[in-house]
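Shown next, in structure tokens, is the structure this report addresses.
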Amino acid sequence: MLQDAVHTLIHLLVAFLLPPALGSVIARTKAVVAGRAGPPLLQPYYDLARLCRKGSVFSKTTTWMFKAGPVVSLASSMLAVLFIPLGAHGPLFGFSGDVLLLVYLFGLGRFFTASAALDTGSAFEGMGAAREVSYAALAEPAFFFGLIVLCRITGSAELGVMLGPSLGAAWIAASAPLAMVCVAWMVVLLVENSRVPFDDPRTHLELTMVHEVMVLDHSGPAFGLIQYGAAVKLQLYAAILVRAALPISTGNAWLDWLVFVAGLAALAIAIGLCESTLARLRLTGIPKFLVGAGLASAFAVILLAR
Amino acid sequence: MLIALLILPLLAAVAAFVLPSDRWRAYLVPLGGALHFLVLAPLVVGPTVTSSGNWLVFDPLGKLVLSAISVLYLVCSFFVPGYLAHYNHRPNRFFVMAMLGFLSATSLVILAHHLGLMWVAMEATTLITAPLIYFNRNVKSLEATWKYLLICSVGIALALLGSFFLAYASIKNGLPSSLLFEDLVKMAPQLSRPWLHAAFALLLVGYGTKMGLAPMHTWKPDAYGEAPGIVGALLAGGLSNCGFIALLRVLRISQAGGDGAYAHEAMIAMGLVSMVFAAVFMVRQNDIKRMLAYSSVEHMGILVLGVGLGGEAIYGALLHLMNNAATKGVMFLAAANMHRTYGSKQIADIKGVLHRLPVSGALFIAGFFAITGSPPFGPFVSLFTILGQMMKSGRFFVAGLFLALLGVVFIGMGASVLAIVQGRPTALASASPDREKLWSTAPMVVLLAFVLVLGFYIPAPLQHLLEQGTAMLEVTR
Amino acid sequence: MVHLVDALLMAVIILNFVALGSSRIRSSVRVVGMQGVILGTLPLIVHHTVTWRGVVVAMLAVLLKGLVIPKMLEAGLHPSRAPREARPFVGFISSLLLGAVGTGLALLFAQTLPLAQAHTGLLLVPASLCNVMTGFWILTTRRTAIAHVLGILVLENGVFTFGLLLLDAMPELVEAGVLLDVFVGVFLMGILLKHIDRELSEVDIAAEPMTILREE
Amino acid sequence: MTQVLLVLAILLALCSGAPALVGPRLSGGRQRLAAGLNVLAGVLALCAVAVSALEDAGIVPLTVTAPWLMRGCGLDGMQRWFIVPIAVLGPCASVYGVGYWPQASHPENGRKVSLFLGMMFAGLLTIVCSRNTWPFLFGWEAMALSAFFLVATEDDDPAVRRASWHYLVATHCTTLSLFAIFALMRAETGTFNFGPLPDTVPIGTSNGLFLLALFGFGIKAGVFGVHVWLPSAHASAPSHVSAMLSGFVLKIGIFGLLRVLLWLPHPQLWWGGVLLGLGTVSALYGVVAALGQHDLKRLLAYHSVENIGIILMGLGVGLLGRSLGRTDLLVLGLSGALLHVWNHCFFKSLLFFSAGSVVHAAHTRTIDDLGGLLRSMPWTGLAFLVGAVAICGLPPLNGFVSELLVYLGLLRLATHQTGLHWLAGALAAPALALVGALAVACFVKVLGAVFLGEPRTAAARHATEAPRSMRVPMAILAGLCLAIGLASPLLEPLLDGAVATWTPHAHVRLLAPLGSVSLAAAALLLLIALLALWLGRRLRKSGSAGAVTWDCGYALPTSRMQYTAASFADILTGLFGWVLKPINHVTFPSGPFPRRASFSSHVTDIAFDHVIQPLADRGFDAMQRLRTLQSGHTQAYIVYIFVALTALLWW
């Protein structure tokens, strides 16, 4: 019993404290590739603390909607995290169909973030919001076909079961579709979390931004919430992708935690490498890429029909 | 007693001829109508009456049609005094005489049980209605009257030839030749088949011309288009039904003579052709009265189609005869009011009737929904019964075509009706002093109430008459 | 007796062709008048027992069809305006040919109808059908309104000849009624003809009479 | 007992408008009376549902034997399910109408609207509770005709006349196909009463009835292809009428389809496939077309097409389940569709009510002329937000619950082992997900353009909040959306009763985790509240100041610089251009000193502008050519007579 309580505590800690660290690993990888020393690993935590203490400036044209944006997007990400398995450890909660809760919680977060951006009444934030919702809509089928593949293989609609122990055996039986799903999910991860090929988190030219420009007008604790929400969302996608790619469970609980953290780090480094090596896609190129990813995962479903 | 039905309107006509003042003469029409109705009412409820050597017989079919015409005539006759007062600059002696003569002629057609006598009466109705159509005294109404007379004469001549063929059919097989319906129906099985066959074709075309079935309907749009609204109502509701009852009498003989199958197929074909013609000519029609004329062609087609199908559809057709007469009355009177107020029949010139003539506009729309078979009204019940019989006898193609044509007619007619009724009235129309008076709206309201009641509940005597009528036309073998 | 009837019927058929062929309206009116007279007298001949009522009806028919109607129609023919010739759609020769074809068709159709033994020899049915067809051709090939009235008359004559077959079935009263109706019909058309002349005086009556009412 | 209540409710609603005709033209009292009568009718209908539920459960004995008029109506599980939303929506709409369409400011058509609103409400009640052809058809036509007169309220505007005309033609096609259906059914069963058709009915007739029902009821439900009347009718009708139209009149089509599908013998497998395919296409087309709209109410109308598509997908899964023998699929699909009927009825009418108060305040329906209304109309803005979140199916609210049921049905279909039927589920589920995401995009666009940012025109600037009589119905509907989202298990008994009409023992609880969904929704709301509190405390502690929007330092932002609806949706309308076929009206700047250049684009409806309209025009032109038969020549007419004669003789 004690064992379970400890592991649930670790589960909560990993779920809610680890996300900013993921961002720092990516930043550190990019710095090392660029030959720089890079910011200290705990820099994101310092930023969050600083933002919580700072004063904030709100535009006169905004209403309560502007403040609701960050709050709802973080709440939906945090709730979603409770339903996903971290490595071999099953999720804290789960019911048949919680996959859809996950997908639609992302939708809710996106709805409020984009609305908050439009509330400021600035052209740039409108541009960002438009791009965010459009690309997310195009990425939706890619993610969902992957879920269909997993659902078809494991025969259940519960995330814990789909990414559970039976996935290991499934990899042997249907490795080609699953590999294709992982590639598609990698693209979805990069799009949803505004990583380089699709969006540059550190760009300063608003015309080219997608995600960053939506949060242009936020400041102080609200901006802190947004940063933390983005980090949690990144870790969420990463956890799903890692579990789908490496469905191994070592049998020893502690060792599983290490495997999971190592997996996350490896994925962070991979994202860092992607950002350093790839250049950004033209804005008109992004929809083609997303539709391509969607067709890839759709093809995975067709492969299953064989 | 039956003779009274014929003589009373004639007496009123003579009085009209004698009476000098235009104003009082106009009131003779409602008087004649009321007298006719009073005599008719007890007869309809009573048993089948025959008189003068059963040349005049008042059988259930006759009761149905004559009561419909009499009610329509009585209600519409209240329209006439106001109408004639409005056009007081025109002499109306011939008009009133013709109106009353029309009533007695139609009564004679329905009562006559002798082919020759019925033909003479039918020809008389044609001749009496000619001056009615020519009442507007302009070039167009002249041409309309001329074509009406010419085409109906050709049709009636063929009908006469058909009657002679029927008479000869009995002589051919050495039977005592007689043109009385009862005798013909009794002798029918022995009648020589080819003559009976040819006779039915001729009579169908002859009396079909009188009814306005396509392709012999060409006189109808011109005649109804140019005649005054009140005359249009009586023609559409009354005269066409005379043609229909003549056809029914002939059908009974043909059925009894074993040629029923051919008769039914011919009538179904003729019915559908009429509906096709009506649908085609209804689309983008630019004249309200011509539109109503094509609607009349369509509904005559439906009557013939119903009887051709047999079974329940006969009940539906007979009920539709009543509904159609009343609804056509409403729409023609409304069209008359609009024509008078807007000074034009062209749909392009009439707009915003709901605002300018609220009662006429509302009743025109209600009549439109009724005539195209929308449920709360009477015609829906009869159309639905006819459709039910089509489905029961497995004629799916006919049912599909029937519904499609009803749809096209709805679209054609609806576009015109709504273009007139909705929107704002033109400056010219709102300027004209014409107001809606009681005489111009009360008849319509009564007729529409009648149609609405028929939609919900069919009174027992009418139900009894309809069943008897259906039994008469049922194919016995 | 039968030969006389056949001869008269042959005369009627020939008169049809004359009516079809004649170019002048005045002559065709007179021809139709003659046809009316012949047909008026025929029932007396065919009918075995001659009753006074039959005679009265025959006299009435001859009087109306022979004299009154032609006189009225000619009155309608104003010397000044109405054109001499009734310019038909088709030439006169072709209308004659049509008449011949029509008669042929009528004969064919008459064959299909079996006659009672008493009437096998008689020409009655073909004659009447031929008249009907001629009436049809006059109605459809001529332009002027007066020609149409003539067409109607020839058609009525055709139907009337068929009526001779069943004289005993048709009591005189009804026969008179038929005659009266035809007469009143033609009389009304005559009145309308005067109105047409008055109304359409400016429009040449021979041209397109009255096609104002049509669907565009 | 239920029949007495039902007939009373119907009669009350029917004559609710009558007193308005009698009184003086401008008095609002009659209208309030009419609204009161409608509310009473709604309450009676709800009591009837409760009583009949108890009767079926055997608690209340079936006492009074109904006289003739009432024998034609009654309530079984499915009918109870459909009575509730109309009993809620009807009163809300008429109460809303008191404030939105007051007699005083609309003298010439105010009374007409309240009269026909009552008639439509009565017609809908009659249809749902009828058990015989005659009340069904009478109720149907009463509803259809009164809806026509309601849509044609402002008939001096040609666009409104055209819209009401398209509606009338569409509804008449439905009526004609209903004639065919009921005539055919009577021919088979011999009676006018409703009931399952005997198995002796040949498969051909059964298929024919299915296609007729799909066509007739599909027009009424607004399924893709025959939805053409829907957008223009909703845009031109007064908003509370559009709410009734979109809220329930579309559902009456689904109700009719359900009834007929229940009675048809020999259910075929391809029926379910057709419904699922048609539903998916309708959902996709509805949301994509909505993206390109500039008119607020047309946009909401296209979303009705989308939601009807979702309902049809649920129905399709249900039918496939029935044919494949999978009762779990049947229960899930059917309950998802039925629950979505309720949800769509509530959140769509909520959206139309808030759109109505926007139009009432700003006197325009063009989204690009509005903006910044959340500040001047906070309650309407909140109502629209709740409606928008619900319609996109986002978690805390009711939209998510019913879409979850449909998803579960689709996912179970995707895991079906035998045959390739699972591919249908495997392709439809991602399509539904795409529809959800596009709906989010569309409603962010509308919310941002109408309620957020700066007001773009003077009318938007001077907008004032709607009166109380308009806000109360909105509050009720928003409350219902939240209640269903948080407490969906409460609906299980009523839902099981409805699904029980199809399969004997249906228990949604075993197949769908409604309990845990409600818990998750509650948890989400709790989390949001906590974070909001934390943020509020932090902001008070660390202070906040107001300033001009940080537009990267641009100091003079104007309202025209904001993203409009068209620019927001440009990426997606560009991608879906092959469906929307947008038409651009461009005036290029010309000459050395160009004075004026403009660009505007609008989206065409592929089914109407590119298929139905050209076909109709070509058909009517052909008829026009045929009219030369009536050439005016008497000779020709006589030739027709002889042609007819020879045809008859020769035949």
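Every chain is named by a letter (A, B, C and D) in the order it is written, and numbering of its residues begins at 1.
One rule holds in what follows: a contact is a pair of C-beta atoms (placed from the backbone, for glycine too) under 8 Å apart; a residue touches a chain by one contact, two chains touch by 3 or more.
Treat the numbers as computed from the prediction; the structure is a model and nothing was measured.
Chains that touch both subunit B and subunit D are the following: C.
With chains reduced to the mean position of their C-alpha atoms, the one farthest from subunit C is A. For the pair subunit A and subunit D, the distance between C-alpha centroids works out to 36 Å. Separation between the centroids of subunit A and subunit B, computed from CA atoms only, is 78 Å.
Subunit A and subunit C have Cα centroids separated by 100 Å. Here the CA centre of subunit C is 69 Å from the CA centre of subunit D. Residues of subunit C in contact with two or more other chains: 139, 148, 210, 212-213, 215. Listed for subunit B are residues 146-147, 150, 154, 198, 221, 281, each touching two or more other chains. All chain pairs that touch, listed by label, are A-D, B-C, B-D, C-D. Across the interface of their complex, subunit D is touched by residues 146-147, 150-151, 154-155, 158, 198, 201-202, 204-205, 208-209, 215-216, 218-219, 221, 262, 266, 279-281, 283-284, 352, 354-355, 369, 372-376, 380, 383-384, 387-388, 390-392, 396, 399-400, 403, 406-407, 410-411, 414-415, 418, 422-424 of subunit B. For subunit D in complex with subunit B, the touching residues are 108, 137-138, 140-142, 145, 152, 155-156, 158, 161, 164-165, 168-169, 172-173, 175-177, 179-180, 182-184, 186-187, 208, 620, 623-624, 626-627, 630, 634, 636-638, 640-641, 643-645, 648-649, 651. By the touch rule above, subunit C contacts subunit B in their complex via residues 112-116, 128, 132, 135, 139, 145, 148, 152, 155-156, 158-159, 162-163, 165-166, 168-170, 174, 177-178, 180-181, 184-185, 188-189, 192, 195-196, 199-200, 210, 212-213, 215.
For subunit B in complex with subunit C, the touching residues are 114, 116-117, 119-120, 123-124, 126-127, 130, 134, 139-140, 142-147, 149-150, 153-154, 157, 160-161, 164-165, 167-168, 170-174, 177-179, 192, 194-195, 198, 221-222, 225-226, 281.
Every residue of subunit C that touches subunit D in the complex is listed here, in rising order: 89, 109, 136, 139-142, 148, 210-216.
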